[in-house]
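Given below, in the form of structure tokens, are the structures.
Consider the two complexes below, in which subunit A is the common component and subunit B and subunit C are the respective partners.
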Partner chain A sequence: MRRTGPGSNLLAYALAALVMVHAGYLLPRMLPGDFVSAIYSSSHVTLSAAQEQELRSYYTAQDGFGRYLKDLVTLEWGYSYAFLSPISRLILQALPWTLLLMGSAHVLSMIAGFLAGVEAAWRRGSAAEKSGVGIMTVLQGIPEIGTGVILLMVFAFYLGWFPAVGGETAYAELSGLARFTDILKHLALPFTTLFLAYFPGNFLLTRASMVMILKKQYLETARAKGLPSVRVRYAHAARNALLPMVTRFGLRIAFMVTGALVIETIYSYPGLGTLLFNAISQRDLPLVQGIVLFSSLAILLINIALESAYGFLDPRVRHAS
Partner chain B sequence: MNLTIKNLSVTYVSNEHMLLALERLCLELTPGKVTALVGESGSGKTTLGKAVMGLLPDYARLEGSVNLDNLELLSLPAPEMNNIRWSKISMLFQNGAESLNPVQRILDQVAEPLVQKQGCNRKDARIQTQKALEQMELDPGLGSRFPHQVSGGEIQRCLLAMALIMNPEIIILDEPTASLDSMNKAIIRRVILGAKNNGQAVLVITHDLDLARDTADEAVVLYLGQVMEVLPAGELFLSPRHPYTLALARSYPALDTHRDLGGIRGDAFYRMVHRHREENGNIRSHSHLIGPDQEHEHSHATPGGCLFVDRCTQAIPECREKEVALRKDDGHELRCVRGGIATLLRLKSISKSYAGKTAVHLVDLELKAGETFCLVGESGSGKTTLAMIGAALLEQDSGTLIYNQRDMDQWIRQDYLSLARQIGLVHQHPAQAVSHRFSVFEIVAEPLKIQGHYSRQEIQEKVLSSLKDVHLSTEPEFLRRYPHELNMGALQRICIARALVTGPSLLIADEPTSSLDPSVQAKVLKMILDLQIEKGLTMLFVTHDIGLARKIGDRIGVMLAGRMVESGSAAQILNKPAHPYTGLLMNGAGPRVHEGTVSLKPDPRKGCPFVPRCGRKRDLCVKDNPETRQTGQGAHFVRCHFPLI
Partner chain C sequence: MHLNFKTRLLRDPWFVSGGAVSAFILIFLLLSPVLVVHDPHDMAFTPFSPPSAEHWLGVNDGGMDIFSELLAGMKNTLYFGLFTGLVCLVIGSGAGLFSAWFRGIPDLVIMRLSDVLLAVPAVMILILLAAFFRPTPLYLALILAALSWPTIAKVVRAQTLAVKTGLHIHASRQMGASGLYIIRTHLMPELYPLYLIGFASKARMAMFMEVSLSFLGLLDPGRKSLGMMINYALRYYYLDIWWNWLLPPVVCLTLLIMGVTFLALSLEKVFDPRLKEIM
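Entry: the complex of A and B
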């Protein structure tokens, strides 16, 4: 294989980003007819003539890709007439909530699933391991939309332990610890839903790769060396099982916004998903476009990060590229 | 520290199948001694190593005892066993590269036991490890690399450094030189000998017989979990006693053997014990030797009998029935019903003369079961006469012949037919050896018809299978052909088929390929060698071509003027001929050959017959015919006053 440096990798990513941005620039201009009136005619939003003119000029301006790019970098992403706010502000407001929800669900389910998977594989054949695998296989089959609705019904509506909507109590003006617990309370149900959705997959994947790795000869070497069992399990076996986990994380990330769309909508969580849902239902094309562009760029960035993590985790990958 | 293994049996159990990996194995590892465990794959070598380390899987059932200085390892609680691992006993696993964790640096892996077990701090451990790696003649920077960045030989040396890092008293090396080049092998060999001098006890598990011979004190030959022979490692090639050891040595591509590689007939991969519950509630267990033939009935092992019986070249009915234990026999331990490699044919002081002219004079010859003995010499030296006497076709003037511990002369008189069944004969000129009035079928069937007691059906079957053995057509059309329709190569194959049709155990071939052109000769020879391995034949091969003898002979006898002037293993004779005549034969028709051919004729009863052509002759040679004496290493005999070695 030809040797390529990390620089050329970055270049490829930059190119991909550029293509995406360009598609975002080009697509509205290729739409036939008067798309501004087409969008807003069936919506409850009423535009003044000046606003309509501004929108039309923004999307049909022929002054080139360069300006579009410049606007993009300076966060001039246009204005949402449905929400009466600049698009960039809408996205940046929603982003922390999504990051909090999705990030915590992904990271914690990964850590927990990984540890559980490692221990299960180590105890392969025991009753606990067998029942664990059975339960997880069933759980994996339940879609998050189902768990979400059930949890909402039981814990929010029936038992009333947790709030049913929002990211924090509206207009409560809490601060410090009180605000923190309030946020956690709101987070609990959507987080649990996502955790239940992601944990089984992580668990099963780790267990499967661990089972394969435990058969490897270097594990026999590790055991023969008389090392403590924890060291054999984690330093030698689990370390090698980490790689498929990272791959899975990368794949999962691509569905971050779509995943958020469902779960945030169920719990009316103020994140990107809800924003996207609302934008779609209001036919606010500029906002939809903004979110899609933003999330795809974010996915690219995360992929770059993962790729370097790959090389860090497995020297064979580092030296192969 | 001594490691004493006593009556160790290992069975891998899964439901009613039990795989018997080791059976009542005894072994002692003592400081400063290297023990080599050799045998084919599946013989249980690796199982032994892992059993000692306590690394066998849960489904392995162990019996017997593994004792480390009065500490019984088999019943030791897991944490204590974990303490012993690597600090007292370490092991190098086979398939080097896979034994290292791919995501950790080599230095860290080699140093790991020091840090984890000895509580050494990281810095000291690194320094110590660096030294250990350098002792293995490795590049100092190698430690910071990952396993995929170093070569196979380097990996093996890293693993060896790792095995030695805690200076354990017992070291088990599983195939340390497999798939290594000779340079790396030499380093490994040095390390093993270094450990030995260091007072460590080493167990080398290997199929590399060179390594076993060069490093070990004692070689233990394992077959399907049973020890077949224990012998001083130096004698592996020179004087093995068990047919299995001989066959192993013959299969090994050692540098100093010239013979084509032999292999061992048949296959046996492992031994399986089945248990059947019979209708009356009893449990009947029987064992199988599993080879490529998966058919249930075919793989049944005879209970009690020798395990090697189906692949052995000297098996007799008794081998199947008689229980056989490991017996001590001067320096060797041996498990063989027949007491080791048997002598199939023994000629004692054979003499024969034609009308007063001596053809063979007081020749002794022993044919060991399963070997190829090549009689070489110029024409007129008595080779053919000796061979024909061995084949019971010529009567000797004096001397005795013993075939399979039975006097041949007596046998001939009592029941010649049954003796004739034992010996197959192939002559020099195939065209003259067959009747031109016989069809192919009749030629091959004739020995069976002479035997008299075979039915038509049997004859048909035997002839066809014999023809198949020599790679000839079995079409009816071909069977009806006559000799004049066939070429020389096919005709000689027919003669070989005829010689083998009665299922003999000895094949005597008199220049069987000298009338064939080289390409056909090569094919026929290869076929004969394959047949020898498959049928376990013993072969007496008469040839004037020493190059040919070199390719097929296990042992060589050199004939001159009716006397056997040199005999010994083919490797020894060809590498270091002792008799000047042998040297002359090997050098062929060099310029000095003709020097003395017309000069003084020695008195055949007195002087050495080689005197006229010998460049080294002295007075003694003319006056006195030398007696046979031993020379060099092992069983190498020569009749010369002034041998070359």
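Entry: the complex of A and C
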């Protein structure tokens, strides 16, 4: 992987953001004919004549790109006719759930994968390490849809240990600790699915980088100084394995979002993925467009944040630029 | 040297298991004209009938034979993956070779373009296009390939730059070989492990995308797909249909993805000299 200094890729991200925003502006205006009635005719949503007119004018307005940008910044993302609610409100309602699910899955799988990878590389050649690598490689070949469906069938349907749908029990009006455990219970299955999808990659990559690092001479020096092995492992070696993991995260985030969309839909988790699924099946185009644009910009922002984290994680990157 | 790679591949358990799984799926699909007796679109049967001698996996809610649906869906998913992988490979290796050979401004333009494309989340563009334009899977595959070639281009470019300085290239240029001749006879064959690795990883990505998009209901509902089958079967998971309707597409999808993953992994392991010490 080419390592460029922070900031050099900012231009690429800015251009990518422009591409996404412009695609959202341009695509509906490129559609031929009266697409509003064409698309809503196959939807469950029936529009009144006034609503249809409004939607048509929303898409054919010749206000120009500047106006579109201004609306974007001021959260004026249009109105959803399927949910009878402003799009920005729908998205902001769903966002915390997605952040909870994806955030916890990513953070925990990264920490666990990193620690397990470091320890596995340290015990290289042992039976535990070999079987760990084997199991993780097999797990890496299983797509999220597969794990999600199987976990749903076994733990929600047959054993009944965990709820199958939603983010919390509807109308239960729980508060305090009861609500917290309720949310955790609903989170368990989708979280486990995503954790199983992300953990093997983090583990295998950390282990591979650590094996290379452990051969370096400065580690021999550290050991020769008589430092405790935990200190050699983490303070001297493992820090160098952090950067590849962050790079991989940035490269794969768009791919991982796809899996999360599907998992949220399988468990009807009330996040952005399920919202998008519902919007698609109701042919609610303004909402689809809003979610797509919002998530792409969020992905780009995460990438930019990671880019600036490089310098923080690795002083060599900071001093090189 | 090639023989050496071949024996090392055949000794690698991941290659053997990945190859076995893929071969099994291929044979299964090649036999489908014999195995499938019903048209997967035929809605003439009793909905929700359990598996029988006539309907090996039963009949779905719309009165269609699940086994024929399964084979048709697998075929569609596989073709989508292979086609996208191939297009990605052609664009990516072409762009990589081109920019490494000519350097200068073409190199700069291609590499900046791939930086931008790498930053664009491809799935979001696909969702947007699929929701608005309802393109055929062929167009979707082409768009996906047009968005995801840069990783191959970057790898091919780096390797070409390394090979380009080799003495055999200088020698053949000394003897008056044209650029095209050198690229064709010296550079392209030397990069072949990269093609295999790139193709396998892109095909895997594309199959995953196809299944996800069809699961989300973005592809033509008349076209059979594993993702769509899983979506429909999930609506009835509380009935006793999970083992004959829900499980088969999940298992087939997992086998498909697993086979390609193992093959890609093993190719990378055998051909990338840096990985030799790790595994």
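Just so we're on the same page, the second predicted complex is superposed on the first by the 298 of 321 C-alpha atoms of A that agree within 3 Å, B and C clash if a C-alpha of one lies under 4 Å from a C-alpha of the other, contacts with A are read in each partner's own complex, and residues count from 1 in each chain.
In this section, contacts are C-beta pairs under 8 Å (C-beta built on N, C-alpha and C of every residue); 3 or more make two chains touch, one makes a residue touch a chain.
In this text the structure is predicted, and so the values were computed from the model without any measurement.
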| item | value |
| --- | --- |
| Three-chain arrangement built on subunit A, subunit B and subunit C clash or fit | fit |
| Touched subunit A residues, subunit B compared with subunit C | C |
| Which of subunit B and subunit C A:15 touches, first, second, both or neither | second |
| Partner chain in contact with A:142 - subunit B first, subunit C second, else both or neither | second |
| Touching partner for A:154 - first (subunit B), second (subunit C), both, neither | neither |
| First (subunit B), second (subunit C), both or neither touched by A:216 | first |
| Vertex subunit A, arms to subunit B and subunit C (CA centres, degrees, nearest 10) | 70 |
| Contacts of A:26 with subunit B and subunit C, given as first, second, both or neither | neither |
| Which superposed partner A:265 touches (first subunit B, second subunit C, both, neither) | second |
| Partner chain in contact with A:226 - subunit B first, subunit C second, else both or neither | first |
| Which of subunit B and subunit C A:289 touches, first, second, both or neither | second |
| Contacts of A:92 with subunit B and subunit C, given as first, second, both or neither | neither |
| CA minimum distance (subunit B, subunit C), superposed complexes, angstrom | 15 |
| Subunit C - residues contacting subunit A, complex | 14, 112, 115-125, 127-129, 131-133, 151, 154, 158, 205, 208-209, 211-212, 215-218, 227, 230, 234, 237-238, 242, 246, 250-251, 253-254, 257-259, 261-262, 265, 274-275, 277-278 |
| Residues of subunit B defined as touching subunit A within the complex | 53, 55, 81-87, 90-91, 93, 95, 98-104, 112-113, 116-117, 146, 148-149, 162 |
| Subunit A residues within the subunit C interface of the complex | 2, 9, 12-13, 15-16, 19-20, 23-24, 27-28, 31, 35, 137-138, 140-143, 145-146, 149-150, 152-153, 157, 207-208, 211-212, 215, 251, 253-255, 257-259, 261-262, 265-266, 276-277, 280-281, 285, 288-289, 292-293, 295-296, 299-300, 303 |
| Residues of subunit A touching subunit B in the complex | 216-218, 220-228, 231, 235-236, 239-240, 313-316, 319 |
